[in-house]
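Both complexes below contain chain A, partnered by chain B and then by chain C.
On to the complex of A and B.
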C-alpha cells in the first residue's frame, strides 16, 4: 500500500512546499511585524504587541477606510451582478445568435485591458473639460463643469463604474452562455403556463442557474477586494478620504505618508482575518 | 364544431420546407395521433399548434379561433414534453401550481385543484419533493398533472413515453387512454411508435416529409393502406413486397413474380394487362401449406418471438418473411411452402406506389 501511494506524494510535495513558503512566509512575517513598531525611517524597533491594533480602532481614518471598503464591496458586487444578469437576459431575449457573438466579443474586450490602462482611459474620460463621459453634461448645461472624480459624493461611484464596465460586461457574456446551456423545454413549458418573458427568467431560468450565479458572485467578491490599482490611478483615495479603502490607507501609512510599516501590517492582518471569517461564513451559508 | 383546423399550413426554415400545404381537421373529444418516421415534421406540426414554432403559411384555428399570432399561453392548450420539462428547482406542488399562479388564481383554489389532480394521478405522497427525486414515470405523471390542471381545450403530447422503459411505457399508455376516457379532452399525440398509435388513436395521421400520407382509424390504416409507404410503415413485422407483372386470363388475373405465378379474381383492384405492380402481403397472413404452396424457398433465418416465429426465406431472389405459430416453425435450412388468401393481399402501382384497391 505504502509503495503504491509514494509516487503521487513525490510529485506533489515539492509544489506544495513551494506554495507554502510563498504564501505562509509573507503572511507570518506580516503578523510578526504587526506586533512591533517598525518604521521605514529607522532600523530600530521594539515589540509593542497589540498596541497597533488598539491604535487602529481609535483611528477615525481607519474606521472611514473600513466603511469605504464595505461600500466598495457592496456597490461593485451588486452593480456587476445586476448589469451581468440584466444584459445577459436582454441579449438572450432580443439578439439573434450572430449578433450575440458580436456583443460577446465586444463585452469581453474591457476585461482584457490591464486594470491600470482601464483606469487611465476612464480617468481621462471623466475629465471635467475634455472627457467624453462628461461631454453630455457640458452639452446639456451649456458648458458647466462636472468633475465626478473630485466630488466626495460621486467619486466612489465613478471609480466603481470602471470596475463594473470591466467585469459586469464580461459576466454578462458568461450569464448569456449559461442561459444558452439550459434545456429549452422548461422555458417552453413556462410559456405554455402563461408566464411572461420576465417571469420566465425570474421564476425558471435564473433559479435554475442559482449555483453558477452564486459562484460568479463569489469570484467577483474576491476580485473586488483587489481594487488597489484602479483606485490608486484614478483618485489615490481622494478627494480627501472619500475613496480610501483599507488597502489604499495601509499603503499610504506604510510607504507614502509616514512609513509606519508595522501600523500598515496590522491593518493588513485585520483585513485578512475579516476576509477569512466573512467568506467562510458566506460559503457555509450558501452550501447549506 | 371542429376543435382544431389546419388549412393550407406550411412551415419552412429558410429554404427548407418541412411541412407543405397541410390540411387537417380534428373533431372535439377526438384522440388523434401524428405518426411517422423521424424528420417527418410531426413534432414540428405539434409545436406549431402549441405556438412554440411560427406558422410560415396558412391558418391554424383552435376552438373556432384563429391562433396564428396568439401566445402559447393564450391558445387554451396544454402540452406534455418527451423529457417532462419540469422546473427542476421547484417542488412537485409548485410545478403543478405554476401555471395557475401566473394566472393569479387565489391560493385556496390552487390548493384545491392541485389536490384533486394529484389524487387522480396518485401523486399525493410526492407533492413536497423535487422532480429529481422521482422516477421517470412519476415525473411524466407530474407533467401530465401540470397539463391537466389548466383544464385546457386541447392536450398536446410530444412523444411522452419515449424516455420510459418498455414496461413503464405500457403502463403509462394505459393510463393515458384511461385519462382520455374520463376527461374526453381533445388530444393530439405525437409518436413514432406504431403500437402506441394503434392502441390510443381514434384516428391516425400518418406523415412523411411534411405531407399527410393517410388519415384514418387504426384498423383502416392497417387493413387498407393508401400507398406502399403506409403499408410498409404500419405493421410489425414489416409487410413483404414482391414486384409482379399483371396478366389477364379469362375472367381472372395472374400476378407473375418472385418465381411464382398467382391467380386471383382481382375484383377489388384496378388492374390492366401488362402493368407492373407491387404485391404486398403481411407476414402473419402467410400460412404454412402442404404441396400446394404459392411461395416456397429455404428457411435461412428463424427469429423466435414466443408464441410465434418469424421465418425468412428466399423466393425467386426475393427475401420474404412469414410469421407462423411457433409449433409450426420449420428447422433452419429446411424447405418451406406458404400460401395466403386473396383477401389478404395488397396491390400497389409500381411507379407511384398508390394502392390499386377500388374505394
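On to the complex of A and C.
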C-alpha cells in the first residue's frame, strides 16, 4: 500500500520516542550510578569509576550468584522444554479433541497466576509438617520430615519446580497447537512405513517444528531471567546463598543489607550487558 | 486399548490434576480455621469459615493495595493501548526500512533485567520527588505495556486481510478512518488478547513495585508478600485468602487468553 499519508509518522514517532526515553534514561543512569559510590543512607557521593566492578569480581558472593543464575537458567529452560514437548506430544497422541480443549484450559491456569501467588501456593505445599506436597512422603515414611526449601541441595530445584509448573504446562499447550498445524501427509507416510509413534515424533514432527520450538526456548530463556519473585517469596536466596541469583543479590545489596545502590547498580549493568549481547546474538541467529 | 496409551492417559490426567490442585487446595485452605490447616494429615472434611476472607476484605492495607494495583495497572494498560496500537498498525501496514529495527527494539526491552531498570529509576524518582507515588509506577509500567502490546499487535494487524482495507480506500476512506473503522474492529479479538496479556503481566509484576514503593503506592502483590513476612504468626487461612484474592483478576482473563492463543495458531495454518 503505497499511499501518501502522514499516518506512519504520527502513529510511530511519538510512541517510539517515548519508549526510547523511558528505556534509555534508566539504562544510561544505571551506568552513571554504577561509576559512583552512592548509598541510600546519605545524599553525598563521589565518582569512583570502575572500582565497583573490580570489587564485584573479588566478591565471592557475587561469583556464587552468577553461578546460581546460570544453574537456574539451565535447569528451568531444559525442564520446561522437556515437560512441554512430552505433554504436548502426549496430548496429540492420546487425547480426544474435546479432552484436548479441557487440558489446554487447565494447563494455562498456572502461568496466569502472579508469580507471588504461585510462590505462596507452593511454599505452603512444601511445608515440611503441614504441606500437601510433602504429605505423601510423610505418609510413606511414617512421619519423617522432608523440607526441600531449607536444604541447599534441593532448594534451587524446589523453586525451579514452581517455574516449570507455570511455564512447562503452558508451553505444552503451544507445542500441541504447533503439532496440530502440521500437514498430516508426512505423518501418514511414516505410519505406512511402520514407524513407531515415538519415532514419528522424534524423526518427523519435531524436526519439522525445529524453528518454532527454538523460538519458544528463546522466550523461556528471557522469562527465566525474571526469577526474583519466586525466590524472594520462597527462600529469600537461602538457605545460605544456595538460591541467591543475581537479581536477588543486587536487591539485598541495594536495599536489605547495606543500601549500596551503586554496588547493586554495577551488578545490574553487568547483567544488562550480558543479557543484551547474548540475546541479540541469539535473536539474529533465530531470525537467520 | 494398548497399555502405552493407557499410561499416556494416566500421565496426562496426573498433569491436569497437578495443574489445578495446588490452587484449589489453597482456595480450600482459605475457608478453614487454623486448627484444620495445621494438621499432620490434610483434612478434607471441616467446618468452613468465612472469617479469613472477611478479614482480608476488611483490612485497609489490602483494600488500598487493591486500589493501587487497579489504578496503576489500568492506567498503564490504557497508555499502552493509546500509544501501542497505532504504532503497531503503522509498523504492520506501512513497513519501511526501519520496521525490522523497530520490532527488534521493542522486543529488546524485554531483555532488560528488571533490577537494571528499577535501581536507577528509584534514584531518579527520589530526586524528582515522585518516589513512592502512583504516577511513578504508572510511567514505569507503561514501558512494559506499550512494548508488549506493540509486539503482540503487529502480527494481529498483519493478519487483517489487505483486500478489506484496499476496498475501504476505494470507497474513499482516508488512512486514519481505515485504521479506526476497519483495522481496529476486524482485529479486535486478537487485540483484546494482547491487551489482556499486558494487563496480566503488570498485575503480576513484583520487583519494580517492590523497589518503587515504600508505603504510599504499594500494590497488592507487595501487600500479600508482606503478610507472609510476619511469619507463621499470621493464621495461614488469612494468607491463603490473600493469595486467592490476588490470583482472581488474572484468572478472569482465562477465556480471552485461551481464545487469543487459538486464533494465533489458526492464522499460522493458513
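Going forward, the second predicted complex is superposed on the first by the 276 of 288 C-alpha atoms of A that agree within 3 Å, B and C clash if a C-alpha of one lies under 4 Å from a C-alpha of the other, contacts with A are read in each partner's own complex, and residues count from 1 in each chain.
We take it that a contact is a pair of C-beta atoms (placed from the backbone, for glycine too) under 8 Å apart; a residue touches a chain by one contact, two chains touch by 3 or more.
Owing to the predicted nature of the structure, the values given are computational and were not obtained by experimental measurement.
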Combined model on chain A where chain B meets chain C, clash or fit: fit
Which of chain B and chain C A:207 touches, first, second, both or neither: first
Contacts of A:97 with chain B and chain C, given as first, second, both or neither: neither
Following superposition on chain A: angle at chain A, chain B versus chain C, Cα, nearest 10°: 80
Which of chain B and chain C A:261 touches, first, second, both or neither: second
Per-residue touch tally on chain A - higher for chain B or for chain C: C
First (chain B), second (chain C), both or neither touched by A:195: first
Chain B versus chain C as contact partner of A:142, first or second or both or neither: neither
Closest Cα approach, chain C to chain B, once both complexes are overlaid on chain A (Å): 13
Interfacial residue positions of chain C with respect to chain A in the complex: 4-5, 8-9, 11-12, 15-16, 18-20, 22-23, 25-26, 29, 37-42, 83-84, 86-87, 89-91, 93-94, 96, 102, 104-117, 119-124, 139-140, 142-143, 146-147, 150, 162, 165-166, 169, 174-176, 179, 200, 203-204, 206-207, 210-211, 221, 224-225, 228, 236, 239-240, 243, 246-247, 250-251, 253-254, 257-258, 261-262, 265, 268-269
Chain C contact footprint on chain A (complex, rising order): 1, 3, 5-8, 10-12, 14-16, 18-19, 22-23, 25-27, 29-30, 32-33, 38, 87, 90-91, 93-95, 102-110, 112-117, 120-125, 129-130, 132-133, 135, 138-139, 143, 165, 169, 172-174, 177-178, 180-181, 197, 222, 225-226, 228-229, 232-233, 246-247, 250-251, 254-255, 261, 264-265, 267-269, 271-272, 275-276, 279-280, 283
Touching residues (chain side chain B, partner chain A) in the complex: 50-52, 71-74, 77-79, 81, 83-90, 98-99, 102-103, 146, 150
Residue ranges of chain A touching chain B (in the complex, touch as defined): 183, 185-186, 188-196, 199, 203-204, 207-208, 210
